[in-house]
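Paired with chain B in one complex and with chain C in the other, chain A is shared by the two complexes that follow.
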Partner chain A sequence: MINRLASIRPGIKNIDDLRAHLQIAIELEHSTIPPYLCALYSIPDGMNVQAAQVIRSVVMEEMLHLTLAANILNAIGGSPDLDNPDFIPGYPTRLPDSSAHFKVHLERFSKRAIKTFMKLERPAKAGAMPEADNYQTIGQFYAAIEKGLKEICRHNRHFNRDRSIQVKPEHYYGGGGGVIVVDDLDSAMEAIKVIVAQGEGLDHTLFDGDRKIFGENREFAHYYRFNEIRRERFYSDHDSVKSNPSGAPLTVDWDQVYPMKINPRAADYPEGSELRRKSDEFNVGYTTLLKNLHDTFNGRPDWMMKSVGDMYKLKYLAVELMRVPCNDKGETAGPAFEYQKAE
Partner chain B sequence: MKEDNYDVVIVGAGIAGAILAKELTEKKKRVLLLEAGKASDDYLSYLEVFYTALAKVPNSPYPNNPNAPSQNVLNLGPIPAGAPNLNGYMVQYGPVPFGSDYTRVSGGTTMHWLGHSFRMLPNDFKLHSKYGHGVDWPISYDDLKPFYEKSEWEIGVSADVEDQIYPGMGNNFFGKNYYYPMKSLPASYLDQKVAGGINGMKVKLGKNAYPLSVITTPQGRNSTPNKGYKPIGASWDNNIGQRCEGNSNCVPICPVQAKYNALKTLNKADQKYLTVINQAVASNLIIDPETNRIKGVTYKQYQSAQSSDHTSHTVQGKIFVIAAHAVETAKLLLASSAANSSDLVGRCLMDHPTMLTWGLMPEDIGSYRGPGATSHIPTFRDGAFRKEHSAFIVPVDNWGWLWGEFSPGSDVTRAINQLNLFGKKLRGYLDGFVSRQFGLQFEFEQLPQHANRVTIDPNYLDQLGNYRPVVHYDISDYTRAAMEAAKGVSDMIFAKLGVEDYTELQPRRYRLSPMERGQAIHSRAQGIWSALIAWERTNQIRSLTKTRNHGITKTCTSSDRAACRLLELPILR
Partner chain C sequence: MKNKQSSVDDFLDLSSLLTGFDKVDLQGTGLAEIYRKEVLGIIGAQITTEIEKAGTAIYRKYRNREKLMEEAVRTEILSHAVLGPLAKNITSMWYLGVWNQMPQAWLDHVGIKQTAPSHVISADAYKESLVWRVVGSHPPGAKQPGYGTWSLPPKTR
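This part shows the complex of A and B:
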């Protein structure tokens, strides 16, 4: 993923730059979804309920961010591209974290996975615009988009005002607030604010932006919710952003997990084997989902409905894989999230 | 809060009690809610019990609680002449066993209801003057209409007004700008096949021909919201259950809480003004001899379902609402000798007797997908035939032969044990057989009959020393005649759709010779197969609701009940 970020030069000078940035925003939001899903699906139903709840709420927000980025891109005459072999990063993928970067794996729910998730969601000031040749933080990247929107789309320039291609609340549901229809600069800025605020904590408080923006119950921003899981303890009213949680204990059973091997791939299994067939089935299913979402974001918002059923089906396929032992370390197979068209 | 300080004391945390608690606390009234069963935070544990239950009957997920027992349909059985059947919680004198059950936990029977949320029709309120049977209500459909609307928005009913076309609905059934809080759930593939086959087909009942229609069923189940409504998902994680997922076990428990239950309403009550005491079984109402008004309620509080150890308490308040379900409410009033100068308390007990027919479709119809039923045939809800026999509604069943044959489990057993199939052949056989399974339900209106009643008897007490319900119940000729007519309707539909009738070809079938048709219900009351048939009777929970100042008992479905409760609210303003 870091290569994709590096592929664009910082700064947005024209509408094409802005569209290119938004396409990468979509890819960026997507890139964390498979890792979150692997951790989530590796928790058997009814186990580690609180941990599953946090991961689920985060992954649903990432899906919302993806949709919002697509709505903005659509609104300014771009065409989101999800049906593309390069859309899915190979795992492990690398993401930026200040001047360094870190690896993100497809892995089961574990302390290590939670630590990675905390890095993904770490609150950070956007910082000054980079003087280097590329973005060093995701914060910088989104700050550039905000600035670019304000400048390039001033006086609502470039907005096509075509609501028929926007994904609207009746197409989209789930946690993390509602989808925003983008048809002018104000709504575009509102959408960007949701993307930035939910992940990182508004004004660097413990709480995320939902309350301000959607009037929902306030929730801890992702980073802190993951920290609660990691420390097996809730934050109390007396805790600050700098402390670790010191409230009531939160039960986590790190062993109640399907022991999925790290970064599974279809090529791990011999051609013609049952596992290969299952793995292929998952990959084809995921690729089909991306194709349907691609169409959804390119003029057929009502097709979102089709994707919902596909998502459930993928969950079942993923869990099936996670139940099948695949090596002598006692590990099981898992979903590979590889681009694979049906034959 | 001092114990004598309550504005309203409510007995029962089901849909009626929860709606009242919510409405009253919003108006800053101090409310005490007494609930006989467990608290509301056990949903996930109910699911665990459900997953491991061998017979997934309506009450299977909920605790077996001898201190607040519930009827279990597995205990249904034939009633010996002259002696009651004592197998379950109810003492059943029959002659027909009362087949419905209710759930004594926080949330009440909405925990296991199917969610179907029909309104009654205008003629249902004037059955006697219109058709010469039953009684007229002291109120009309129009009186109840605004409260139906309120109830539908509280429950979160999914339906499109333009689809809802019923016989005898008049021209202003829905208000001009009314819409349900959520859009209709999509009709299943099976529904579409059936609708395509029989829409417009004419069926003769008596002298008249009635054109069949298949329409979607309004239900308390999350779908796409309309303006002004926000779906409520699972109590433990609102990201779950925002839409019905088609898990197909609405009864006995929705695993994601996409189906409405009264806990959702209870959670909305202003907790500042609400006190809830769980595991508190109301046992007696204390009547002030001077004013003849209720001034207190005695309840027995227990710590554990395993032990009868309990303490007795009395609470006082200004107004008491007994919202404990038809049977329990009548029991409590009778135990307290309250409100019964008319001798009508506990009388006119009703159910909705159900007849199932099932058969094999000529092609794959995708059975066993989605909620219990997404469409129904409204044609026989009203019409001139009501002079001869009762009305009936016909849900088109998405769950194939589940209730009739315990399919698909029984098909697997039979294929292995009797057909000696295994592996691919077994899979192929089941693929071809199970996905064609089709079933209709016929649910019949029952008239108020004085002899159908709940009473109490000091010889029959539960573990806490509270009365068990003693039930006398029968099905009248008016309803039995409708069953016979319904079997004729079923035969015509099966013939039109090319359905091969299996209703009479299986063991434990009810034989529908003309003489026996009316006996369909209780001749099936043997063993687990028939116990499962009782499931669908829980679609609409019947309750006796005392209408104010009339001394007449009336029945309501659960959404009616919510409306009735709301209707009584102005007293408190």
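This part shows the complex of A and C:
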């Protein structure tokens, strides 16, 4: 993904730049979802319940962010593109960190995976602005979009006000917060605020802003939620961004996990083998989901329902793969998240 | 026939023959070892090993030759006085997640005095029953399909 983030020149000078940035925002939000899902689905039902809930809450919010970025792009006359081999990063992928680039794998729930997730979600320094040559952090990237929206779309310029192409709350359920229908600058800024606040924390506190924005019970930003798993302890009322959590214990059994091999691929298995068939089935299902989401964000918001059905099917298929032994190291197969059209 | 200890893999060969599902799909349910343990516990090692050996031999000999395979399953397993009723029970266990009590006549024939009554094997056995896949549905109350998906047209082949 860093390739995509690096491929775009920082700074937004016109509406095309702004649309290009929002397309990359959609890709960025998506790129974290397969790694989070691998960790989540590798936890068998009923095991590590608290940790699973934390990861699930984060991944639901990434899906919300993807939808919000698509709504903004739609509102300013763009066309989100999800049905495309380049849309999927290919794992392991590299993502930017504030200091260095690092690799993100498709891997089972583990301490190492949680540490990577924390790097992914590390908040930017307050007021961080883009560097001259490229974006160093996701925070900088969204700061540029905010600035671009304010400048290019001043006085609600470029907004098509076509609510029929927006994904609305009645299409979206299951948590992560509410969808915002974007039809002017204020609602676009509100949507960006949700993306940044949930991911990085609002105004550099532990909290993600859901209470302020959605009136929900307070919830911590992603980085801090992952830190609770890593430290096996919840934050207490007295903790701050600078301290580690010191509240009630969060019980983690790092061994209660399907032993999925790292970065599974369909090509790991010979053509014609049963595992290849099942791995292909996942990839084709995933590619179909991207196509359905593409259509959802391009004029058929009611298709979100169909897409959610696809997501459940993929979940069950991913878990099935994770139960199938695939090598003599005692590891199991897993979902590859590769672009593969049905034959 | 080799006289080695049978394994989960033999049980999977047999189960694939009996259910018509690929081994990888049966492994995907996460139930193979649990089901094998169930059979071993109720029927004992001797007959369990015997049926696994019969299954794995047919599976290896006739793999990808469906008609011959089916015939062999009928003559060598399903028509067998001891293995036949057990094979039917193993099949319904995979499809329904339920162990049916073995018929009295069979128990008398093989000399088992006490046996397990009919029961659902586990919560997961209900969830992962093959019957849901065959009818293109989901286990009600588990493995939700997504809100409103019932209004979509059924998948056709």
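For this structure, a couple of remarks:
Quick note on the criterion: the second predicted complex is superposed on the first by the 335 of 343 C-alpha atoms of A that agree within 3 Å, B and C clash if a C-alpha of one lies under 4 Å from a C-alpha of the other, contacts with A are read in each partner's own complex, and residues count from 1 in each chain.
The rule is short, and it goes like this: a residue touches a chain if its C-beta (ideal position, glycine included) is under 8 Å from a C-beta of that chain, and two chains touch if they have at least 3 such contacts.
Keep in mind it's a predicted model, so treat the numbers as computed, not measured.
Steric overlap between chain B and chain C is present once the structures are superposed on chain A. In the superposed model, A:Glu170 makes contact with chain B only, not with chain C. Contact with neither chain B nor chain C is seen for A:Met47 once the two complexes are overlaid on the shared chain. By the touch criterion defined above, A:Pro325 reaches chain C but does not reach chain B.
In the overlay built on the shared chain, the residue A:Ile15 is in contact with neither chain B nor chain C. In the superposed three-chain model, the partner touching more residues of chain A is C, compared with the other of chain B and chain C. Of the two partner chains placed around the shared chain by superposition, neither chain B nor chain C is touched by A:Val181. By the touch criterion defined above, A:Glu274 lies against chain C but remains apart from chain B after alignment on the C-alpha atoms of chain A. In the superposition on chain A, A:Met60 makes contact with chain B only, not with chain C. Of 419-427, 473-481 or 527-535, the segment of chain B whose C-alpha atoms clash with chain C in the superposed model is 419-427. Applying the stated touch rule to the two superposed structures, the overlap between the chain B and chain C interfaces on chain A comprises residues 173, 308, 312. Remark: chain B residues 44, 47-48, 224-225, 231, 236-240, 242-243, 245 touch chain A in the complex. Within the complex formed with chain B, the residues of chain A that make contact are 46, 49, 53, 56-57, 60, 170, 173-176, 308, 312.
Interface of chain A with chain C (complex): residues 45, 173, 274-275, 277-278, 305-306, 308-309, 311-313, 316, 319-321, 323-325.
Put simply, chain C touches chain A in their complex at residues 22-25, 27-30, 124, 143-149, 151-152.
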